[in-house]
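One chain, chain A, appears in both complexes that follow, with chain B as partner in the first and chain C in the second.
Here is the complex of A and B:
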């Protein structure tokens, strides 16, 4: 029972983090119908920027976090410019190939700049590295930081989509680009912001998770696959679905790791993606019949 | 026939393969290795182009299938003591069988979801290569026995080179014929419009399965030859970056063009070998190539060949008006609008 509650606690904290990665993917997919394959690298770039500012240059944590998020926002805009806007006329499949091209460019640049220092950069935890004891479960305090930060980001996004004009523009464009255009929205600019917001969420996730994952140029793709599994499980068009999908994935992973074998943990996301796409194509929360697969 | 018509894809292929045939006479061991690698990548690019360029199925599993062919061949030799000459065909067929199974999700998924599912498959294959240590020897890799050419009386470096040359030429001729046959035309019809193809009596399940089977057979053969060439296997050779290299070859050469695959593969193998020591530069160069071709010339180098060389034929190559067909009701209003959503709601 102790093991079970431990696995649950870890599953929820890692799951919250997968949900953050999935949120970025869902935001971009909802309005552009493209999965940005460079999403994981945007995550990695966010973490690397924070590392450069916070660890190497001694900038305080909060400004580093904000600057890193701003940096990934800009990289997101560049991604949209390079791999989406100019390629869309050749079809969505071409966009997919272009975004994977971008992901390798970012990875190569990161390896060039940050790769030479032993390859695995460790980001000091924000709070004490001692594990906390709650009831009889031990939990890493950084995981609680990640969990609460993930909740803050999710609430922030919900407010952004419900209350701000930019958020409403994005929703309008996602639900009907033609009508949005007729209402006078500059939808090509909104696509750009959509990519940028997705990238900013990825960047924030990267900074928050850096103390737990370590930073290396290939970290992005591993987490992208996990986020993708969470997004697909939740029905790739649904924001609440991404959160539930992330938590579920975290729990499934921990249970597989705890009761089957620890190395199975990394196989779970692939199996979830294959299973969900083949047998549950609208996911748990996706709108039935809307998605053409 | 005018003389100009001789300057075309047939003379290019004859020249290239002629040079490759004579290469062992002048090359040192390293040049020979690069030439051999080039032949293997030509096979890979041909196979991937059948799937992506001709049949229009965007899949990311080719590197994994290549790995299955290579590991299959090597492991049958190591664990069961089979000779290379039996293990190689069995490994290639094993890759083909596993690759064909991928056609079943492909029937239900289209476009980017097929790409994502095959991406997951490729990563799962990587996981098996890394973690099933009792069989695959895990991350460290293992040495594979060299194929035996003593019965022919040639040194093994030359033996594997000529074997690869013969297989490549046979597969190239086979691809050339089959892509101009009923099967190739059916692939192209499927790529240009699934519903239209179906209404012409093309069985989508059969032809999609055939595209996957053909493409993974090529990848399996390439893998088998690669294990014979290298004598050493490790999982890194079959990762996502390998997939990007192969994808870049067919994009640079030309999607839906047999000669384009040869062109792209032969050019990029040199780029790859030239940058072998610099992983980050390799990644940046191949990423930039992919993006640049997608933005500026998504139909590849064969477009220029077609324009400049009078004898260059590309009957199955993506014509411009079809490649730009993205169904966009919104595009009537604005060239940059994605109208996918609107069309989904209408249906």
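Here is the complex of A and C:
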């Protein structure tokens, strides 16, 4: 029973990781219908920027977090302006390929700047690194911080998309870019801000999760795959779906690794993606892609 | 008479120039003033540390030698090729170094599998090859006439990990391993040694290089009752599993290997005080790069690579280059590949400034057979002991 409790608690806390990554993927997809394959690297950039400010330069934690998020936002704008906008006219597949290029470029830049400082960079946690006792199990305090942050970001995004004009513009652009253009929306600018908001969420996730994931130029890839699996499972257009998908993925992973064998832990996200694409093409909360002609 | 003497002198001078020129032309990569040495390993990609940083260490040592006038009047010039830690990359890199750059010898091999894949090409080319980081036994086993290593090989390390656990009273021993090519090069000899000794593996768990949570692994290790766990993983995998083991109250003897040599860094990655109290690891260097004995290398590295902090990988490069330089020196002024390879036999009980044990090159071409263990005590890396393989 104790083992089960540990696996459930760990499943939820690691699931919150995946949810936070999935949220950024969902934001971009929801508005642009592009899966940003550089999302993991934007996560890494956020963490590295915070490392530079907080660890290397001694800037206090909160300003470091905010500046890293702002820096990620700017990187999001730059990638859209430099790499994506010019290829958008050739179709979404071209943008997808461009995101792969951006992913490699960001990793290369990170290796150049932070690559000589050791294989993994450790980032001090926001709270005590000692585990916290809840009931009869122990949980890492930083995992609870990530869990809380995922909930806050999810609520913030739900409000953003439902209540704010910018959020509605983004959804309108995603739904029908030509109609949005006819209504006077500057869709190029909306795309730019969408990539930037997605990058900022990735940056925030990078800073919050850095004490647990550690930092290195390639840290983003595996988390991106898991975030993508969570997003696909939850419904890639659904903000609550990303969170539920993340939590489910975390739980499935832990139960499989704990009761079957640790060797299948990394297989789980791929199985989830295959399962979701086969049996739940729109995910648990995704909108049906019906269109009237 | 005077005219005859002048003519004779001129002919003699021309003949000697021709003879010397012929020698230089015969030996690839060697001129009067320099020796071109190639290197391959990952310069980019996720494991660039095993290539780029180790090569930086080699270059730092070459710079030191060159500043002192080189070896026998020749300066050592390092030519780097990126193999991306991929077999096809290593084969292409070796071909480029041998046939395009025409290097005299190669000091390199950052990743085991790519280096293993390049072995036939290295043997075919006959170029002397000195391994500086890769650990797979197959690179030098069976010995090739032109390949030597000063890195501890995987099987030596794996056997030493088991021996350490047994010497320290372990009754039930578990393994937690990465099952990538690197991990398997250690895992398989380890299983063979368990079998040879008639030992049972208490638990056999897997981690990945990018593991972010190790709770499930820690729970399974704990439920097996293992009192020693042999870690065949990179620092991140080790840190995650050790951190989550502490979380569930499990504290066995942890035995690491040379991928986990920076113990303060591992402590930093785990982040929990006292996490390293039952941890030891095999080492390439018997201390920490921040220790006083490496001050010279720290300074020299900063002079050449101002962005880098001295790491174990840099020191692995320095150590291999020290032995390489010694062999070049022993080969003499009339340097040829044959003389260079023959000179390895003169390396006997060589004490480098980095390797913990003496370096002796014998018939098996595994010049480093002295695994030493280190532990963290009061924040300092200290020598924990060694083992005698049984």
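The criterion applied here is as follows: the second predicted complex is superposed on the first by the 286 of 293 C-alpha atoms of A that agree within 3 Å, B and C clash if a C-alpha of one lies under 4 Å from a C-alpha of the other, contacts with A are read in each partner's own complex, and residues count from 1 in each chain.
Keep this in mind: contacts are C-beta pairs under 8 Å (C-beta built on N, C-alpha and C of every residue); 3 or more make two chains touch, one makes a residue touch a chain.
The structure presented is a predicted model; accordingly, all values stated were derived computationally and were not measured.
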Superposed partners chain B and chain C on chain A - clash or fit: clash
Which superposed partner A:105 touches (first chain B, second chain C, both, neither): first
Partner chain in contact with A:133 - chain B first, chain C second, else both or neither: neither
Chain B versus chain C as contact partner of A:115, first or second or both or neither: both
First (chain B), second (chain C), both or neither touched by A:57: neither
Contacts of A:219 with chain B and chain C, given as first, second, both or neither: second
Touch count on chain A, higher of chain B and chain C: B
Partner chain in contact with A:6 - chain B first, chain C second, else both or neither: second
First (chain B), second (chain C), both or neither touched by A:278: first
Clash with chain B, by chain C stretch, listed 23-31, 59-67 or 113-121: 113-121
On chain A, the residue positions that both chain B and chain C contact, one per complex: 108, 111, 115, 217, 221, 263, 266
Of chain A, residues touching chain B in the complex: 32-35, 82-83, 85-94, 96-98, 100-109, 111-112, 115, 174-178, 181-182, 187-188, 191, 217, 221, 225, 228-229, 232, 263, 266-267, 269-271, 273-274, 277-278, 281, 290-293
Residues of chain C touching chain A in the complex: 44-46, 48-49, 52-53, 56, 179, 205-208, 210, 212-213, 215-217, 219-220, 223, 234-236, 239, 243-244, 246-249, 262, 265, 268-269, 271-273, 305, 307-309, 311, 313
Touch list for chain B against partner chain A, complex: 58, 105, 108-113, 115-117, 119-121, 123-124, 127, 131, 240-241, 244, 247, 251, 279-291, 294-295, 298, 323-326, 329-330, 333-342, 344-345, 347
Partner chain C, residues of chain A touching it in the complex: 3, 6-7, 10, 13-14, 17, 108, 111, 113, 115-120, 122, 124-125, 129-131, 138-140, 211-214, 216-219, 221-223, 254, 257-258, 261-263, 265-266
